[in-house]
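Chain IDs A, B, C, D, E and F follow the sequence of writing; residue 1 opens each chain.
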Amino acid sequence: MLEWILAILILIGAFFTLVGSIGLYKLSDFYMRLHGPTKASTLGVGAILIASAIHFSFKTEGVSLHEILVTLFLFITAPVSAHLMAKAAIHIKVKQVERTRQLEK
Amino acid sequence: MSLLSFNLPLAAFLPFAAAPIAAWATRYNRLASAWVAGLTTLLTLAILFPSMHAIFAGETIIQQWSWLPDIGFNIAFRLDGLALLFALLILLIGLLIIFYARYYLSAKDSMGRFYAYMLMFMGSMLGIVLSENLLQLVVFWELTSITSFLLISYWQHRQDARQGARMALAITGAGGLALLGGVLLLGHIVGSYELTQVLASGDLIRGHDLYLPTLLLILLGVFTKSAQFPFHFWLPHAMAAPTPVSAYLHSATMVKAGIFLLARFFPALSGTPEWSWLVGTAGMLTLLIGAYVALFKHDLKGLLAYSTLSHLGLITLLFGFGSQMALVAAIFHIINHATFKGSLFMVAGIIDHESGSRDMRKLNGLFKMMPHTAMLAMIAAAAMAGVPLLNGFLSKEMFFEQAISASDTTLAAWTIPALVTLAAIFSVAYSLRFIHDVFFNGEPIDLPKTPHEPPRFMKIPVDILVVLCLIVGVAPMLLIGPILSVAVAASLQAPAPEFSLAIWHGFNLPLMMSFIALVLGVAVYTVRHRLFAWHDRCLHGIEGKAVFDWLQWKTIRFAKKVTDYFDQTTLQPSVSWVIGGALVLSIITFFQFNSPLFGDRTLMEADVITILMALTLIVASLLTAVLHHQRLTSLISIGVVGLVVALGFVKFSAPDLALTQLSVEVVTIVLLLLALFFLPQHTPQERSYIRLSRDGIISISAAVAVFLLTMAVLSREYSSIANFFIENAKPGGGGTNVVNVILVDFRGFDTLGEIVVLALAGLGVFAMLEGLKLAAPAKDVEGLEWSHDPHPPIMQTLTRLLFPLMLMVAVYIFLRGHNLPGGGFIAGLIASVALISQYLANGIDWTNDRLRTDMHRIMWLGLLIASGTGVVSMLLGYPFLTSAFTYLNWPVVGKFEVASAIAFDLGVFLVVVGATVMILVELGKLSHAAHFINVEDIK
Amino acid sequence: MEWLIASVICVMTGCGVYLTLRARTFPVVLGLTLLAYAVNVFLFSMGRLQIGIPAVIDPAAAAYTDPLPQALVLTAIVIAFGMTAFLIVLALKARSELGNDHVDGLHRSDDELKATKHNSTKTETERSES
Amino acid sequence: MSPFTILPVLLPLIGGILMLMARPAGIDTQRILSLILTTLLVGVSLVSFQLANSDIYQVVLLGNWQAPFGIVIVLDRLSALMLLLTSLLALGALWYAIRTDTDKQGQHFHVLFQLQLFGLNGAFMTGDVFNLFVFFEVLLIASYGLLLHGGGRLRTRAGLHYVVINLVGSTLFLFAVGTLYGILGTLNIADMAVAVRNVSEADQGIVATAAVLLLVVFGIKAAMFPLYLWLPGAYAYTSAPVAALFAIMTKVGLYAIIRVHGTIFSEEAGDLAFVHIEWVLLLGLITLALAALGVLAARALRRQVAYLILASVATLMIAIGINNEAALAASLYYLIHSTMLGAAMFLIADVIMKGRGIYSDSFTKAIPIDRPIVVGSVFMLLGIALTGMPPLSGFFGKVMILNSALNHPWFAAILSVVLIAGLLMIIAVVRSGSLMFYSVQKEEGQKSSPLNKSAFVAVFLLMLVSPLMVMFAKPLTDITSQIAGQLYNGQAYIDAVLSTVPYGDNSK
Amino acid sequence: MILQRLFPHPLLTMILWGIWLLLNNTISPGHIVLGAVLAIFIPWLTSSYWPEKITIRHPWMLVLYVLRVLFEILVANAVVAKLILGPQKNLKPGFLNYELKLTSPVGIGLLANTISLTPGTVSCDLSKDRRFLLIHALHIDDVEAIKAEIHRKFEKPLLEIFVTC
Amino acid sequence: MLNLALSISFVMVGLAILLSFIRLIIGPNTPDRILALDTLYINSIALLILLGINLQSALYFEAALLIALMGFMGTLALSKYLLRGDIME
């Protein structure tokens, strides 16, 4: 049972990690690609971390919760990165796909 | 210890000791130095005097002290007949020269310097002739080169003096080095550098494989010093020296040092065809060339110089004949030549001194103005020409005799006497010229001064020498017999042959040769004007100096070419040499052994993910290289390399390394970005395909070599000392993280060095950046204005939030390091990154306001703590850096470990923080001082 | 696996050497950084490759990897970092003093030209090309 | 083991830290402290020298760990000699730096100086190959800082080249050390020497390759052909006291060859015995030839002096390459000479350069310098010494070296290269000397700056080493022979290192 | 007063304490003590880096907020995964300017973070006057709907949590 | 079961890394490359945790933690470089 849960969590995590990178690879402009890593850093890594927490909690004595910290740190740093990259891209006027909706003003 | 047990070294040493006194004495009285020099010479004579009796009794005095026995270099002096003869020549003629020079030198000339040099030279010469140890002899030999350089260049403002001195030193110095080589070989053959043994080993030497090289090297020394062809040309140019120097060095003493060596080594080296041919040929050529050229010299001293060459050739030729009687003649002529040539040089000096010229085309009819001097000159010149009743005649007769007897043994029986006679003809001619051109031959032309007799005392040395010429010429055995006899015996290392120095040997072939020489000599002189014209037309400008200059110029040009080829002050060739050198050396060395390239260790299967990561790493590396023209891109891709390397460390069981690599990676990227701002954003394309292919070949070779090396090791088994660390980390080091225990305990000394490196890097960066002004681009590469938002608020807010968290993690990583992956270094980097993130997000001023700590302080504190823990262990009697740990049990907290290694690690932590922050922040501050310019301006 | 690591070291070395031989300071810094990576991995691999057995004492562990090369590499990483920092700042200083970022500096002053007159016009042109 | 043994390394480390601490107190405090510390170091080195003057090796197990597991510091005759030489040289250089205000021209001179000594002394005393690497890095990075101290265009460029080449060298060092560890499984020099004897035939090639790689590394420091190209620029363009101190830097490379290769690849190493030695000799001969040509080709005094140093180092390489006890003893005699006199020569080049004002050290006719007789005499004596003319130390060193080579199969090559190189150098130095001191002309508006007498004291004292080395040649050669004897008895070193037991309880 | 200086940011202290225990994966007494010491010491050390005071009205709401965000992330992930894996031409990416009600820098930071963390939207820029947040969305059907959603789900709770200062 | 899942996951994460890396290679803009590097860092976290589970060892956790905490510094610096050139002012 435990193994099943772990397996599923791991697969979910790996899947979303992959999806993130597929997005990065596939999407047509920088701003769209920017959305890729957020997948990976949230659910992708998150699911795998949960799997790890469960795994080590059961495998060793005592619970293992420090995996939460990775998520916590990522949740603080990843958006800052994304924010700055976006800002930089806008600043140097990186091209957008034509169909991009522009600001209302 | 009586004086007689050390008077020889004392005699050689005394002039050296007196030299500084002479130099110093001149401060008080201009003539004081002359007095010092003269008295020193007399004293030296007096010191040698007590030993003379024994020498005339046929004894040899040896005084030696062990000095460097390992190499056979002893302080060893020897006085025998030969040495005594030369020592007397050196001292007696020296005394006369000292006397003479006191009148010769003008008020402008520094007496102190002159006499100091003279004394040093005298000491060196005495050293040569008194040496028993050959290495010691070489020392004095080279000293004469150095002191003669000083003497020739005495009038240092004159270019000819400087050049002449340099040339003399170059030639005689080279000869000295050759002599050193020869002496070393001689010592090698004989097994000792002591003359006594060398002289006793003639057969051994002559029979040895190394005989010829030894002989050649020693003869090189002899020929250069004694100005034998083809090394003769330095001597005329050395005439730029003051005349007393010429008289002393270049006629009486130094040039005879080579001859002295021929006499010295006669029993050891002579008696072979090689000896005869080499010595004889050089002597004969010098004899002829010197005699011939002397006639054509218009300069008084030039004439005397070439005449000296000729006579040196004569003596050398006599040694080349190799017979015992030839040796007698040679040594006899040495004495005679010293007397008449010394006096002639002094006469030349007097004429120069009194008339201001040495040009025989201007000097005419001086007899009327200086009859006394003229008389002296005539007698001495007659001796030089070999006129009977003078000493020169006697030795020349002996020479002719030897030339005739030597010709018996050769095929072309008549050549030697013929050539010798030819030389004698010219000798007569130039002697005649010296007298007739100067003292008669009409009236003087345009002389700077009106000549008159010199001061009375200036003539006294000449008087003495000329009188000697006469006495020896008339009653040779009286004065010369005994000393010549012992000198010959000493030179032969055997009883001297029977010889008689009679004036009259009856009508014989030598007498006839003398007669022919006299007659034809006068004839040649009478047709001199036609000869001069012919000479100027055909042979003018052919000179050894030109060859020497050409050779020297070629050598220097070659040197410059070679040096410039290697030392181009360019980096890439230097690096290529290093890498190429390492490759070539290691490849050659590897193939000298019969080792297979690879071993037979079982290798590990590769898994998909590792292959993938390896590919990533490979491509990223290639990308870094290929894209290096776009620097930012290249930097990003090197970031990938660092990340994957860290992942690799994780994969292969090195969590500590992974942590370190990750943190260093981050800091490195920030560092390089900080610097990149001030550098061009693109590297220009290189168009030289030659260079690209050269670099390509080197890089690929290096890569392949490293691949093979890695595989060669990894495919082999090994056993290491690792087990000790694993077994002792916990019980001995108090930690379970073996890597950390190695770092802070087993090999803490490495770590101490490492943090010193880091601290020095920080200080070095600090020092380099001080006052550094750089241009910073006002726009980016695309020409875009920079963003106006230096500190995006969202970044600001969140990095501040992150700050305490990072510090917390740093503490965590620090504290666990001893037992689990982590430690002071990684923690230090995390703390640094935490600080740097503040600098990045909030700016330098803002952060500095809050930090309020000079990183210097952090660094020394860290270094102090780290080394302090080591010192504490010393205070407790343990070796430096011995660690200690214990377990404490506190209420509530429970049991925990306290280890001195933690303190050490704290030092590491502080240094890392201090250095890293200092480096990055100092670099960041650079933009404060930068002036902003447009990109176009940089291009 | 060993082949992989050897290949990785091989390529890093090759690229590192190539970059180190470039004419501008920045690529040289990158090249030396790559070389440092290469040699660190090399030094690390000298303890042979082991998976999953880090040298952290654990009663459950059956074996440990050789910890010594790891400690050495750690020291080497730190030193390489310090050296890189020094070198990049030196590159800046060189740029400031020499007027450009060529490793030899482009503008040679007259006094030096006099002092070391270079025979190689070849290198001069080569330098101005690059 | 005496706790004193560590002091030569510890003192400059603490000195460096103190200098850093004293930064806020100002340069004068730093100067006084630095002089005191360096003088103390001379004292410590003297005591160490006395301590080492026996057949007993002073071994310190750092961290109290038995070799080969911990790092050992070994004080033997050779390392003691190097320590003493370093400290004396340092004192001279420091004095000159202070009296000429060189230390004021940039930041952290005294910190760098002390830590430079730390690096040097560490390298001389360590018994561990990797620790040697660390100390190489310490001394290198300190030398980078010192080399660049004061800045300036040419100095910066020379520094850049020096740094890059040495970084490549450090990389090679690690490749070599790694390979050795990968086969032998140990880092302690003594232990490696033992391990090398048991290396199988299949592994010999790899070990030999590593040995040669290591030789290349040391060769870079020692300025061996073709690795010497960093030297002329670096020595010529750095400040004089630093160049003077650097006279010992090349010797570190040679020391390392003697220590590391000499111990590990000694006679007992079977097929691997002296695997490096022919390279040392061959490359030494080539280096000497090129150095002599460089001396002749130099267009300025400092570069000429740099090549003179190169020549003396090359002579040392040849002596080491001859590979017998007498040659090694001779090389140590020559090493003392080369270090001290080379340093003095750099300093006097600086004196001359400063005296000549705008003419600097280029070989052109210039104004006469202040006190030409004093400076000229010292220059001449130094020239005589460095070109190997009698009666100064260079000649005796050379004679000893040549004498020890008499039975060597390459004797003819050694003799001709050494003698011809000597001749070329004599010609060159006489030319430059007569140009600097004889061929002078007073000029309107050009005044030579007065001689800095108090700084000149350092030059004079360093110069005095040469006649002293001749006067005390016997005791000195006795010492160098003892050192060489000790070095050729590598087994004693190995036994001493490996048999030293930790202090106190063995289990700690 | 002393208490204030000792605990400049009590919430931070609590968080750090928690983090310490999480890091060490333990609640052993030793670590509780050590963690407390650090959790007090580090905020004290870094207090000067926190210029503005953060006052949180309802700490439990923060917890609720976190849970809500986590849930939103879960949902959005699935949506966006479909978008990414689906054909690209269906995507209608675009920028939108979101007018902020929040004024607290930390609040704005958290909101921007949340927006970026939620798949499908990334906060790209904050206007100089801190009134508008520029957001890029991977797929925009209705701009106002997105804005409203952001306000409802994220900004409103944050407004309640953070007191303006 | 778990092993199979791990193997599949490794391949998936590996693929993710590969794709990110391809983006880094092809760019086309510097922000794309920065983004790719950032993504690689995050992918690495996943890889590390998976490795930890696979090797049954908690010793690799800190590496993941450090990437989460410090990996963004590179991104930050690079982005700021594009924005301002001067990243620390």
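Criterion: a residue touches a chain if its C-beta (ideal position, glycine included) is under 8 Å from a C-beta of that chain, and two chains touch if they have at least 3 such contacts.
Keep in mind the model is a prediction, meaning the values are calculated, not measured.
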Residual chain groupings, excluding subunit A and keeping positions: one piece
Partner chains shared by subunit D and subunit E (touch criterion as defined above): B
Per Cα centroids, the chain farthest from subunit B: E
Chain pair, A-F or C-F, that carries the greater number of C-beta contacts: A-F
Chain whose averaged C-alpha position falls nearest the assembly-wide average: D
Distance from the mean Cα position of subunit D to that of subunit A, given in whole angstrom: 57
Where subunit B and subunit E are represented by their mean Cα positions, the distance between them in whole Å: 75
Computed distance of Cα centres, subunit E from subunit A, in Å: 16
Rounded Å distance between subunit B and subunit C, as computed from the means of their C-alpha atoms: 36
Contacts with two or more other chains, residues of subunit E listed in rising order: 19, 23-24, 112-113, 123, 125
Shared interface positions of subunit C, touching two or more other chains: 20, 25, 28, 38, 40, 42, 46, 51-52, 54, 56, 68, 72, 75, 79, 82-83, 86, 90-91, 93, 103-104, 116
Subunit A residues counted as touching two or more neighbouring chains: 22, 34, 36, 41, 64, 66, 69, 73, 76-80, 83-84, 87, 91-92
Touch relationships between chains, expressed as pairs: A-B, A-E, A-F, B-C, B-D, B-E, B-F, C-D, C-F
Subunit A to subunit E touching residues, read off their complex: 16, 19, 22-23, 26-29, 31-32, 34-36, 38-39, 41-43, 46, 62-66, 68-69, 72, 75-76, 78-80, 82-83, 86-87, 90, 96-97, 99-105
Residues of subunit A touching subunit B in the complex: 73, 76-77, 79-80, 83-84, 87, 91-93
Residues of subunit C defined as touching subunit D within the complex: 20, 25, 28, 32, 35-36, 38-40, 42-43, 46, 68-69, 72, 75-76, 79, 82-83, 86-87, 90-91, 93-94, 97-98, 103-105, 109, 111-112, 114-117
Residue ranges of subunit C touching subunit F (in the complex, touch as defined): 51-52, 54, 56
Contact set on subunit E toward subunit A in their complex: 19, 22-26, 73-74, 77, 80-81, 84-85, 88, 91-97, 112-125, 134, 136, 138, 140, 143
